[in-house]
């Protein structure tokens, strides 16, 4: 109802304005705690804006990863130190203002040159039936530009082992509260099941591996927040973290050896292989964010 | 087969240096064996090459190693002259060094770079184009730097620093001229009588050609210690005796002089140098260096410094001979290239013996050394007489040809320069000889002849004998005169 | 035989990084896979010589603009060879380094090492702008973690600054891609170059991309993060960083300027600015390098100086009708010689610190007396940095001088010559320390054989590769 | 309406760049970087919407998805480094 009427533009304006204000407040406030809170609001609002711009997949990832998990990480930072952001010298402020103003003018000029044109959209929709997945975004993500995603999963695995190699020995923050403990133990199986559903959903509509993985990570963090260790053995977790990159590159290599070419899924096998890849990404993303929170596996 | 011979000349000492670098420090005998075998092998190859070049066959190797130029080794009479001189003197220096460095540390490193220096000298002699010449010219810098700083005392390090500074500056100037040459002319090969492409290029833009000539000249003058660029030589005296013998008589300084010979005769060509009157200002400069070197030598208390200044002046003999027009002065120059090498190496070896045996470094410590070390001092005397240019010695020959050349070129002033310089030479050499023979030494001579061990005694005696032999029988079988006359005639289109 | 697929060059190191996590057989996996990857990169280099047209491969069979293209031409083949050589010797060095020092970090080092190798191969093969962004991100994050590897405060602070600047640069680069995509709707470089010939809008996108690549390759105004980052980490890591990780952004900048963007006036002025920055980088980098007291900071500043050479070359392309191959040859050889020489020097500095336990130059052990092979490594790689003949550095300088004189850029030629003189000013102290026989400099602690040999071979290769540059550059000459 | 989001994206990029240069403590700089990222992603998604096909162009969506995940990994590493520094300071 609200969508269809002329009031759509009003909604966009309101959302856009609130987004800008929250960004301004988060950046400008002196106390880092306040800027952390505003940053989480900013993340949530930008998720909403993605929905307005008809990008549901991105909205899902943005809200879970962008605002919830990143917000949690920044909170971890802000909770400890009561730092005040000290005032920079006037010279740097002037210099920064000048540079930003210059780029602003520059970018506005560039805006005039952008015109409405159909870029790669039509090509994607034509080849969608050949990609083995119905949702356009996941087709691009896992088939047309699967190589990007391979490197991206690599970045995830890199981040996991980077965090482990930094080896933060400090105990992660947890809240020893029986109610939370009970609730998290009760809800974990449902969260796992639901995130699997989201991952599966990705093949034909909104959803996908990253969103599912982030959801699972939320569950795991909730579980760890209550102070309990994960019920899995350490070596299994170790293999899970390696699963993402391992499975993806093995499949890529397999198809190269079979002669189809690197990461080229034959038509009939493409859906299966994409499913396997999605599962491996699902588990790796989950454990990236879990390690980011707890600092150790 | 010939290709292999030319390459093996170069590679024999290169492999020797690699083998030595792999040998442990304690394997003294094996290391000396490898050294001597490499040197002797080179002499055999050279005798074979002389025999075949005499029959008129010339061979060359050409590999395209770099997009703009190729690696070009070539045997021609001039190259052979320098190759035979340096490899013969190298054999003697190697034997001398083995004796001299008995029991001193780091000989593994010393002989590795010693052989690397030999390789680069061979390369300099055999280079067929200016690019390959430059490759080995700079490799010579690299391989002699560790030799100069071998003692690694703070003084040696400072001397090494200055040496490196001069040679790298010279190297950069050389590189700039090389690039200009390859950009404007595109070909840097040496042709007897001058490179035709360079000639007709020089016809149009003579200013650029003149600048390029001076650039090349001064780049090589750094190594041959012409007046403004000579400080590094006197400072490098801090190196051990075989190194200073090597630097002054055989490798570094001669490489610079040989480069100028190549530049004047084989790149620009004699008639071009004369017609564009390139040589006049440089002749005055080298003449000044001759007088400057000899006069400074008189006041040096340090014996090795004195010889260093004498080298500065005598190398400029060669360059002046090259610059003066006329076949006679060319012959004089090439003759001095050989004779000075032999005589100066004898002097340095004798000084090395004095320093090693009785720790004699200063002029005043020389009293009575002659009586205690008669043979070494005899060699020293013969060599210094040769340097002065006393008849019956090789030195006299060069003086005769240089003066005749100067007269024939109509440059009277050059003749006087040679006279004055030989007088100055007597002033700084004869006092040493007198003090050594007739000076009153405090402790008495006891027991048998207290000479250095044979390894250090024989080389100077051989070279002293050669100075006499070349002087007495200039036309003799092994004397270079006939060979030099043949080269000079080719250069002047004979 | 299995057909040659560019994917192997990326997947093999990735799998190696995964398998190297299995702790018991880590060293054997490391050795086996580094040899295998080295052979693969040599094969791909030889492949470019054999086949004349550049080899294109569309991943997944989707031709651009839909899919991502991998391209193996003369230039990328040459750089793959460079990466292979440096990585192999750094791997050999690290095998003995990590069972002697920093044992705890050794566990994860191999993962980052092979991952870096995969990222570098992916970068030089890729032909798609967004894919280059992800590869750049892979390189930066791995580099950041490698800088933070030792774990003490100085390294963490340096890696944090490095991380912030590299995230900023990546975001700028992404902004540039977004602007290009908004205007032309295409991500692959070859298609982009066709579309760019008529219009003018690419200037806007070029600005953020150039800033981003300048930050990542530590060009002058943005070079502050490099010295602390490269000097505070373990020797093999700083060898990889200094010789390999900061080269891709410079390579991408040059490729964008030469192949993708059309030759037009406004670009020329921007290229002049770049070359001024490059020249300043040489002088200021060398000035600071000469003043440094510790060997690693000296080498880090020398990297800043040597990177300046790469950016001087950009305006050359715009003058006269010279072929772009000539500029690419000089560029590629300069990168090659600096990579090998700098890696060998960092490894030797690792040996120095292993023996002397201190980083200061005055405490550097007199290698000329005690450890001949490390001395030869420093000696040959120093000669390559200065650009003495027979070394690849010399030929690179010669090619560049020839180009700049042919086009009348005497100033650039002069800067290059002056640069090599300055280089000798900061290489000389290292040689002097190697030779000095000051009593505090005698250490009889032997360095493990493998560490010395790998440093020496890298240095010797850098020096002697001058002889085979004709063969090396053949691929690039063909374009 | 497209131009509104474009300007919004540019403004986000500008203010976060300004604050990145001005901010002195690490947390503020990290937040500035994340907002800069969101600005760039907004620019991308608006370009996706700026087509004449009825549903938006999926390629920028995939790119932004990858971008967000990479940004999160970078932030995770940054957070761990900052924690390491704070731990050292105490």
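When the chains are written out, they are named A, B, C and D in that same order, and each has its own residue count from 1.
Criterion: contacts are C-beta pairs under 8 Å (C-beta built on N, C-alpha and C of every residue); 3 or more make two chains touch, one makes a residue touch a chain.
Values in this document were obtained by computation on a predicted structure and should not be read as measured data.
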By mean Cα position, the chain sitting nearest the middle: C
C-D or A-C, whichever has more C-beta pairs in contact: A-C
Of all other chains, the one whose Cα centre sits farthest from chain B: A
Rounded Å distance between chain A and chain B, as computed from the means of their C-alpha atoms: 74
Whole-Å gap between the CA centroids of chain C and chain D: 28
Cα-centroid distance, chain A relative to chain C, in whole angstrom: 31
Centre-of-Cα separation between chain D and chain B, whole angstrom: 70
Overlap residues in chain C, where contacts from two or more other chains coincide: 130, 134, 137, 141, 144-145, 148, 151, 179, 181-182
Junction residues of chain D, two or more chains touched: 13, 30, 47, 50, 59, 63, 66, 70, 73-74, 77, 81-82, 84
Listing of all chain pairs that touch each other, if any do: A-C, A-D, B-C, C-D
Contacting residues of chain C [partner chain B, same complex]: 329, 366, 368-369, 372, 375-376, 379, 383, 386, 388-390, 394-395, 397-399, 401-402, 405-406, 413, 417, 420-421, 424, 428, 431-432, 435-437, 466-470, 473, 477
Chain D contact footprint on chain C (complex, rising order): 130, 134, 137, 141, 144-145, 148, 151, 153, 156-157, 159-160, 163-164, 167-168, 170-171, 174-175, 178-179, 181-182, 187
Chain D partner contacts - residues on chain A that touch it in the complex: 8-9, 12-13, 16, 19-20, 23-24, 26-28, 32, 35-36, 39, 42-43, 46, 49-50, 53-55, 57-58, 61-62, 65-66, 69-70, 73-74, 76-78, 80-81, 83, 85-86, 88, 92-93, 95-97, 99-101, 103-104, 107-108, 111, 114, 116-122, 124-125, 136-137, 139-141, 145, 148-149, 152, 155-156, 158-159, 162-163, 166, 168, 170, 208, 210, 285, 288-289, 291-292, 295
List of chain D residues in touch with chain C within their complex: 13, 20, 26, 29-30, 33, 36-37, 40, 43-44, 47, 50, 59-60, 63, 66-67, 70-71, 73-74, 77-78, 81-82, 84-85, 88
Touching residues (chain side chain B, partner chain C) in the complex: 21, 64-68, 70-71, 105-106, 108-109, 134-135, 137-139, 141-142, 145-146, 149, 152-154, 156-157, 160-161, 164-165, 168-169, 171-172, 175-176, 178-180, 182-183
